[in-house]
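Next come two complexes, and both contain chain A; in the first it sits with chain B, in the second with chain C.
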Partner chain A sequence: MSAPAVARRSLALPDRRTRIVAFLVLAVLLLIGVVVAGTVAQDAARTTHLDAVSQGPSAAHWFGTDRLGRDMLARTLVGLRLSLVVGTTAALASAVIAVVLATVSVTVGRWAETAVNWLVDFFLALPHLVLLILLAFALGGGTQAVIIAVAITHWPTLTRVLQAQARQVVASEYVASSRALGTSGFALARGHLLPHLLPHFVVGTALMFPHAILHEAALSFLGLGIDPSQPAIGILLSDSMKVLSAGMWWLAVLPGVCLLVMVKLVDSIGENLRSVIDPRSYHL
Partner chain B sequence: MAADTTTAVPAETSPGRFGWGRFAAKRALRLVVLLCGVAVAAFSLMTASPVDPVRAYVGAEVARIGPEQQALIEDAWGFDDPPVERFLAWAGELVQGNLGDSIVFNQPVADVIAERFVTSLALMAAAWTLSAVLGFGMGLLAGWYRGRWVDRVLTWWAYTLASAPTFWVALLLLYVFAVSLRIAPVCCAAPIGVLADDVTVWDRLHHLILPAVTLSIVGVAPIVLHTRQAVVEVLASDHVAFARAQGERGWGLVRHRIMRNAAAPALMLSFASFGELFGGSILAEQVFAYPGLGAATTTAALRQDVPLLLGIALFTTVFVFCGNLLGDVIHRFVDPRVTVDGAR
Partner chain C sequence: MTDTLRGAGLWFAYHRDWVLRDVSIQVSPGEIVGLWGPSGCGKSTLARLLTGRLRPARGTVSMPAGRGRARSAQLVLQQADQSVNPRWKIGRILAEAAPDPAPVLDSGLVFPDWLGSFPHELSGGELQRVNLARALLCRPLFVVADEITASLDAITQVQIWRIILDGAARGDYGVLAVSHDMPLLDAVASRILAMEDLTARRGVLPGPDVRHDEA
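== the complex of A and B ==
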C-alpha cells in the first residue's frame, strides 16, 4: 500500500465513517426485521392452501406456492430466520474457540503454540465439507448437530489472524515491562491481550457468519443437516430440485436470491466493521 | 544465492539450505502424521455416531430379523469389542492397504474410490482449469483498470459469487440451460440407457459442461481478488516505474513485467483450493446426479456406509495435501527468489 493512498483515506474519514455507521444501523435493523418476520410467518409457513397448489408468484403469494400450496414467502422468511439463528450461534461459538486458542498459544508457552498450530493444520487437512459431513453424521443430524458441526469447523482461519495480532501485542514493550513486574500469564491475557483482540473478534465473527450460513444450507441441502420437515433454505432448495424440470423456477430462484442477499448483507457488515476498526487491512 | 533471498515464504516451509531432499522428507512425515490424526479422529466420530450399524446394514427389513439375530450379527462383526480394539483391527488392515468393503456399493472401498474419483477428476480438472484461467484473466483486467468501472464490476461480481451457495448456482444453471433452453443434459455423466462402451467423448463433454461451470464459479472469486491485489502491488513497484520510464506500456508491460509476478498468488490459491474444489464437487454432483466421488460421499453419509466414509476421509486428506504440495513446489519454480541452492 502506498503512502499517498493512506493520507487521502484518512482525510476523507469522517464523512466515510458516518456513512458506514448509517449503513451498519440499517443493515442490522433489516436483519432484526427478518427475524421478526420469520417468527410471525411461522404459522403461515405451515398452512396448506389446497386451492392454490404449485402456483407461480402472484399478488396473493409473492413467492408462489409449493406442491402442498404453502406460501413460499412465509417459508423463505422462516428459513432465513433459521439461517440467522444457526449462523449467529455457530459463528459466535467458533470465534470464541479462536480467541481462546489464540490467547493460549501466545501466553502459555512454546508447546502450546505448537499444539495449536497442529490443531489448525489438522482441521484444514480435510476438505471443509467432508469434515462437516463426518461431524453431522457423528452427531446424528438435526439443527443442534449442524450448529455444533459448523462451530467446530470454522475457527482455524480466524485463529491464525488472531494469533498474528496476539504475537504483536505480546512482543510489545509494555507487555515486556508488565511481565517484568511479575504479571501472570492469565492477568496478561485478560488485561493486555483480550482488549486488543476484541475488535478482531467482532469483525471475525461477522466475516465468519456467511461461511457458517452457506455451510448450514449446504448440509441441509444434502439431507444431512436440519430436519427436512423444517423450512430451512437448504431444505427448500433441495425440495425445489425435485420439481425443477416441471418448470417451477420460483421455488428455486426466490429463496436462493434471498439467501444470497442476506449473506452479502452480513458480509458487507463485516467488511465495513473491519474498515472502521482496522483501516489498514481494508484494502483487498 | 544466499539464504536471505528466501524471505518470500515463511522460513518453516522453505527448503532451506538443505534443498529438496529435506523438503520431501519433511512433507512425507507431515502427511503420515496428518493421516494418523485423521484416521483416529474419523474413527472416533464414526464410533460416536448414534446410528445403529446393523440397522443401517439391513435397511428397511430390520423388523424381519429378531433381536437374537441382531445380537448374533453384532457379535460376528465385533461390536461388543472395546472401541480401541476395533480401531486397532481396522488400522491393522488399513496399513496393509485394505480399506474394507463398502456397504452401499457392495465393493471394496478402494475400488469404489478409485472408480468414482476418475469420474470426479474429469469434472474437477475442467472446473479447476476454467476458474484459474478466468480468474487470472479477470484479476489482471481488474488490477490494470483499478478504480474504473471494469474493476468495480469485476470486483462486485467476485464478491457476489463468493456469497452465492454453490448448489443454488447449480440449480439456476440447470433450470436455464437444461430445462428451459434444453441445450444441456439434465443429469448424469453419460446419456441414460446407452452402454458404457457406446458413450462418445462428445457425450461425456456435453454432460460435463454444466457441473464444471458450476464448480468453476465457486473457485473463481478468490483468484480474481488476489490477482487484482497482486497486479495493483506490482504496478506500484519500482521495476514497473522503470519499465514505464523506458517507454514500455500496454500489453507488453502486462506481459513482461506484471503477469509473472501476479501469477504467484493465483497459482498458490488454485492449488490450495483442492479442498474447496472437492467440497464444491459434492454439491455440484448432487444437483446434476453426476456419479463421482462427491455423490458417493453424500450417499455414504445418508446410508450410513461407515467404511466408505472413513476411506473418503483418508483419501481426501491425501488429495488436499497433494494440492498444497504441488502449490509449494510450483511456487518455487515460478518465483526464482524462493528456490535455493541445490534446488535447481
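== the complex of A and C ==
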C-alpha cells in the first residue's frame, strides 16, 4: 500500500462496527474497574467514622457518609460489585436453562416441544415479581436464594427466541442431509444446533443481565434478598428511606443513579453486541 | 431385505392437496433411471419419499440396508448452498460422510485446496460437487439426484454427470436422475419414466390434466 493511502485511511472516521467494538471494550473495562474498586473498597465500606456522621457529599467523601459515618462511595462500589456478581451468575444460569430447553424441545420430539411450550406459557403467565418474592422467601433469603430465584424466573423469553432459531436449523436441508448420513441426534445438536445458538445465547445473557441486577436490588430492598449487613444497592436504598425525610438525599440518589447507569451500560453492551453478532435484530 | 429401491402405492399430501396418488416406482441396483415431469408434478416429493426424508401418507418405501450408519439411498438436491452447514469448512462437511475424503479427491470431484474453505467461498458449481461428493463418500447403493445440474453451466453439468456415470458404470450404485430436462435424461439414463405414467389412479385426478398441456 502506498504512503498517502495509509494517511487517508487513518484520517477517516472508523466505521460503525469498529466504533461499536471500541464501545464494548471500554464498557467491559469499566465494569471490570467497578469489580476491582468494589473489592478494594471492602474494608472502607465497613469502617465507621463517628467524627463524620451523616455528612453530605464533600471532597473527602464524594458520596457523603451514612449515620455510622461509613463512606457511601465505598459502599456503593461494593454494592455494584455484588450486583454484578449476582447479575452475571443469575443471567448465565437462566440462559443455560433456556438453551437446554430450546434444544430439547426441537430435538427430542413433539411431546417435548409441547411440554416446553406449556412450561414457558406457565412461567410467562405468572406475575414476575410475585414469583420472585415467593421463590426468594421459600429459599430462605440470602445471596444464593436471590440468584436461584432470578435464574428460575428469567429463562422463558430467551427460550422462545432460541426455540425459533433452533427450529429453523432443524428444518434446514443440511440437517436433513446430516440425518441421512446417519448422524445421531446428539451429534446433530452439538455440531449443527448449538454453534448456531451460541451468538443468541451470548446476546440473550447480556440483555438478561440488567433485569437480574434490578430484581436483585428489588428483592434486597424488600428485605427478602441479600443479608442486610452487606452493602448491596437494594439494602443501601432501603436504609436510606428511613432518613430521607431528614433531608439526607445523597444516601438514596447517588447509589440509585449509579445502579441506573450501570444497568443502562450493561443493557447497551447487550444491544451493541447484538448488532455486531446478529444484524437481523430480534425482540427479546 | 430387497436390493432394489422401491416405492409402492405412495400417497402424499401437503396440507390437503394430494401431490402423489398411488405412485409406484422401482430402481434396480446399478441401473440409471430418469424421472421426468413438468414442475410441480411431485418429482421432488417422490425423491424425498424414496430417500426417507418424508414419510408417505400411504404406501411403502423399501430401501436396501446401508453399508454403514448412512441410508443406502442418498438424496442430492439442486440447492447445494442449503444442503451444507454455512459455518462448516468443506473438509468437515465431507468428514460427516466419511473420515477420509480420498475417493472423491482421486475421482477429481473435489479439489484438495477446497477442504479448508467455507461454503460461501466456493462457486455454485464447486459447491454442488461438494454436495454430491458427500453423498458418494458414504458409499450409497442409490443416488437420487434431484435437478442437481439444473442451475449449472453446460461444462460443469457434463463434468458432474461424467463422474456420476463412471461410478454407476463400475456398479457402485444405481441412479435416479430427477429432471424436467428431457435431453439431459436422454443422455444419461438407460430408462426414462414420466411422472404421469407412475400414477395408477389417474381417474382420481380432478378434471382435465392441465399439467399435460404445459409440458
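Here is the rule we use: the second predicted complex is superposed on the first by the 267 of 284 C-alpha atoms of A that agree within 3 Å, B and C clash if a C-alpha of one lies under 4 Å from a C-alpha of the other, contacts with A are read in each partner's own complex, and residues count from 1 in each chain.
One rule holds in what follows: a residue touches a chain if its C-beta (ideal position, glycine included) is under 8 Å from a C-beta of that chain, and two chains touch if they have at least 3 such contacts.
Everything numeric in this text was worked out from a predicted model, so none of it was measured.
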| item | value |
| --- | --- |
| Which superposed partner A:L181 touches (first chain B, second chain C, both, neither) | second |
| Chain B versus chain C as contact partner of A:E173, first or second or both or neither | second |
| Touched partner set for A:P127, first chain B, second chain C, both or neither | first |
| Partner chain(s) touched by A:F23 [first = chain B, second = chain C, both, neither] | neither |
| Which superposed partner A:H192 touches (first chain B, second chain C, both, neither) | second |
| When both partners are placed on the shared chain, which of chain B and chain C touches more of chain A | B |
| First (chain B), second (chain C), both or neither touched by A:W62 | neither |
| Footprint overlap on chain A, where chain B in one structure and chain C in the other make contact | none |
| In the complex with chain A, residue positions of chain B that touch it | 34, 37-38, 41-42, 45-46, 48-51, 159-160, 162-168, 171-172, 174-175, 178-180, 186, 225, 229, 236, 274-276, 278-279, 282-283, 286-287, 297-298, 301-302, 304, 309, 312-313, 316-317, 319-321 |
| Parts of chain A lying in touch with chain B, wherever the complex brings them together | 2, 121-122, 124-130, 133-140, 210, 214, 217-218, 221-224, 237, 240-241, 244-245, 247, 249, 252-253, 256, 259-260, 263-264, 267, 283-284 |
| Chain C residues touching chain A - in the complex, by the definition given at the top | 51-53, 66, 68-71, 74-75, 77, 79, 82-85, 87-88, 96-97, 134-135, 138 |
| Residues on chain A engaged by chain C in the complex (per definition of touch) | 172-174, 176-178, 180-183, 191-192, 195-196 |
